[in-house]
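Paired with chain B in one complex and with chain C in the other, chain A is shared by the two complexes that follow.
Right after this comes the complex of A and B.
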């Protein structure tokens, strides 16, 4: 493929999966590594904010760390009439109220910062303050690779605001590779919503298939382009292949169930840095996705 | 004095529900009148914050003690500020009647 044709194209690719432990980070780190020769203006974003680990695979230095905050309500008990309307508006049980005892409290860990309570209050008793919900950490590796990490604060209800904030640091990059959180709930949505293309990583097992179906159904409702990589190919059964065929879903690649790959990865290595076959596979796969789904910037 | 007991069912021979916030039923027992009343827990399947919402539910009924198997970490400070005492039952096969007998001893 002629790389020259691709230099003006930009793309955001999310590496996601329904099931956890299928190899998202293995594929995200390897693909990111494999494209460095031709696409230096790229960034790997670890959106798995509940336990980010992509940066561990690189010898990287923290350049800056930015606090992410969320609004939480503060209730002025002098102005509060204990009418309970803020409690009724709250979908997360974050306002605790016992009117006869004139007790009202905000349970900050449960607050999603939606602001509904402020709207509900007719007595001007609710103001808002900032609460730290996590950080966005910006790294550069010894080789000059850019890595961004969304890291939520322990005990916070949702990683969504931190993932949202991390996306803001990718604007000047030609290529954005996102390591998504597992599952198909809000953290996944917040990651893939930014993507031009989603790579779903799965394995040929009943769990892998069941969760793949959920991911596919979710992406369909979001009108996203996607394809599937089957990791640990050779394990399990053929049902996943039948499913892909019947749904006419692109099978992008198969990563074999291979001891060498497992040993490399479990020792904290980027597989593509030590295995040329894998490196070439991901470089080519990336370029074909960029060609088909990239945005022309001019 | 009113006491809340978490229950698996709505009979006196039902077992104590080991979970506080997401228990099936609350029994409110009055030690003076020796009467009891069962309430289905409206927060049983709450997505978030079942614990605090259940504290609110039983506090509204005027209880000063709660008997259950386990209390979540978000509610300790709430119960302290409401001066409601937590009583932890380690033996989950106790029935509601067993607990009422113990309270009357």
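Right after this comes the complex of A and C.
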């Protein structure tokens, strides 16, 4: 494929999987590495904000770290009449109130920062303060590429605000590769909603198949384009191949189970940097996805 | 006694470990709290006798007969879920958090909240006792709430059946579904693997269990794949005074067992590998 034809195309690709540990990060880091020669304006975004570890694979320096905050209410008990309207408005049970005892408390971990309680209060007793929910860390690799990391603060309930904030650092990039959190609930959705194309990574086992089906069903409701990479091919059984065929889903690649790959990865190496076959596989795969699903930037 | 098996990083072998423990225990209540990727039902094929749908988050919906396009809802929404599309106010279901504020402040009462009740709570008998699990509808939020409902049901069943042990298979990560999974349990078993990412995620997971003052054990799976990294994990656990519950070697039969819908302790009941699980579960139960 001629790379020149692709210079005017932009794309955001999310690497995701229902089941954890199928090889998302291996593939995201390897694909990001494999395209660096031809696509200088690329960024890797680690959206697995509960357990972000993509950056561990690169020699990279932290350039800046930005706090991500959420609003939480502060109740002035001198002004509060304990009417309970804020409690009624709260859809998250984050306000605890016992009117006869004049007790009212905000359970900050449950608060989503929607602001409904402030609107509800007729006595001007609620103000808001910022609460840290995580950070967006911007790294620069030795090769000069940006790696963005969404990192939820430990103890916070949801990584969603941090993931949303991380997306804002990808504007002006031609290529965005996102390492998605596992599962199919809100953290996954907030990641893939930004993607032009989703690569689902799975393994040929009954667990892998069951979780793949759930991911596919979710992406269908979102009208996303997607394809599947089977990792650790050769282990397990053949049912996953039958499923892909019957659903007419693109099988993008099979990565054979290989102890050498497992050891490389476990030591924190980018597999594509040490294995030319993998590097070429991902460079070619990326270019074919960009050609088919990329957006024209002109 | 409630025992939760978790792991920060996914795919370290949580469910295989839980399955091995399950078939070594008798009269257990097995709970799958990985509600957006529940897997244990595949191995244990429970006969479902109760199925309840669960109301997850609500979503806002606009009645265009009453909407005047005033845009007040847009000003109040903090989730960027309301935008003007083709000259009309439109709600983005994916971004809507279900806070209800738009429906409360709309001067025309043109916004209503719609229940999403496709998520399921399932329970029934299986070959080692009772099983309870949740299944989140595709793209549904509020997995923490579903985990709470699943655990409540499990406690009720345990009481009715005089089951001494509730064994919970948890989701990956350290966010709300995990916190809901471990809150109030007697033991947490963290399954990890000897890799740089496994180590990183273990540290974050232990930080979380420490915050909640939970009795924590660690199992290192495939410890022989990278002995140097395993050593580092031992050192970390030592420093934190966390007991290593088991060291599992890489074992090809684990995948074979899964493909045949058996736990490893059913697949090879007399093997040395199964013996490791027997010792481990005894240690937890008798501690």
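Some notes on this structure:
To be clear about the criterion, the second predicted complex is superposed on the first by the 298 of 298 C-alpha atoms of A that agree within 3 Å, B and C clash if a C-alpha of one lies under 4 Å from a C-alpha of the other, contacts with A are read in each partner's own complex, and residues count from 1 in each chain.
We take it that contacts are C-beta pairs under 8 Å (C-beta built on N, C-alpha and C of every residue); 3 or more make two chains touch, one makes a residue touch a chain.
Note that the structure is predicted; figures quoted are calculated from it, not measured.
In the superposition on chain A, A:124 contacts neither chain B nor chain C.
In the overlay built on the shared chain, the residue A:37 is in contact with neither chain B nor chain C.
Of the two partner chains placed around the shared chain by superposition, chain B and chain C are both touched by A:157. In the superposition on chain A, A:19 makes contact with chain C only, not with chain B. When the shared chain is aligned, no partner comes close enough to touch A:67: not chain B, not chain C.
In the superposition on chain A, contact of A:107 is made with chain B only, not with chain C. Applying the stated contact rule after C-alpha superposition, one finds that A:187 touches chain C and leaves chain B untouched. Of the two partner chains placed by superposition, only chain C is touched by A:262; chain B is not. Ranked by how many residues of chain A each touches, chain B and chain C are led by C. Touched by chain B in one complex and by chain C in the other are residues 91-92, 157 of chain A.
For chain B in complex with chain A, the residues that touch the partner chain are 43, 46-50, 52-53, 55-56, 59-60, 74, 78, 81-82. Across the interface of their complex, chain C is touched by residues 18-22, 25, 50-51, 53, 56-57, 71, 89, 91-92, 112-116, 119-120, 152, 154-159, 181-190, 193, 205-207, 210-211, 214, 217-218, 220-222, 235-237, 259, 262-263, 265-268 of chain A. For chain A in complex with chain B, the touching residues are 91-94, 96-98, 100-101, 103, 105, 107, 109-110, 157. Of all residues in chain C, those touching chain A in their complex are 7-12, 15, 35-39, 42-43, 58, 76, 78-79, 94-95, 97-101, 104-105, 136, 138-141, 143-144, 171-179, 193-198, 200-201, 204, 207-208, 211, 225-226, 229, 255, 258-259, 261.
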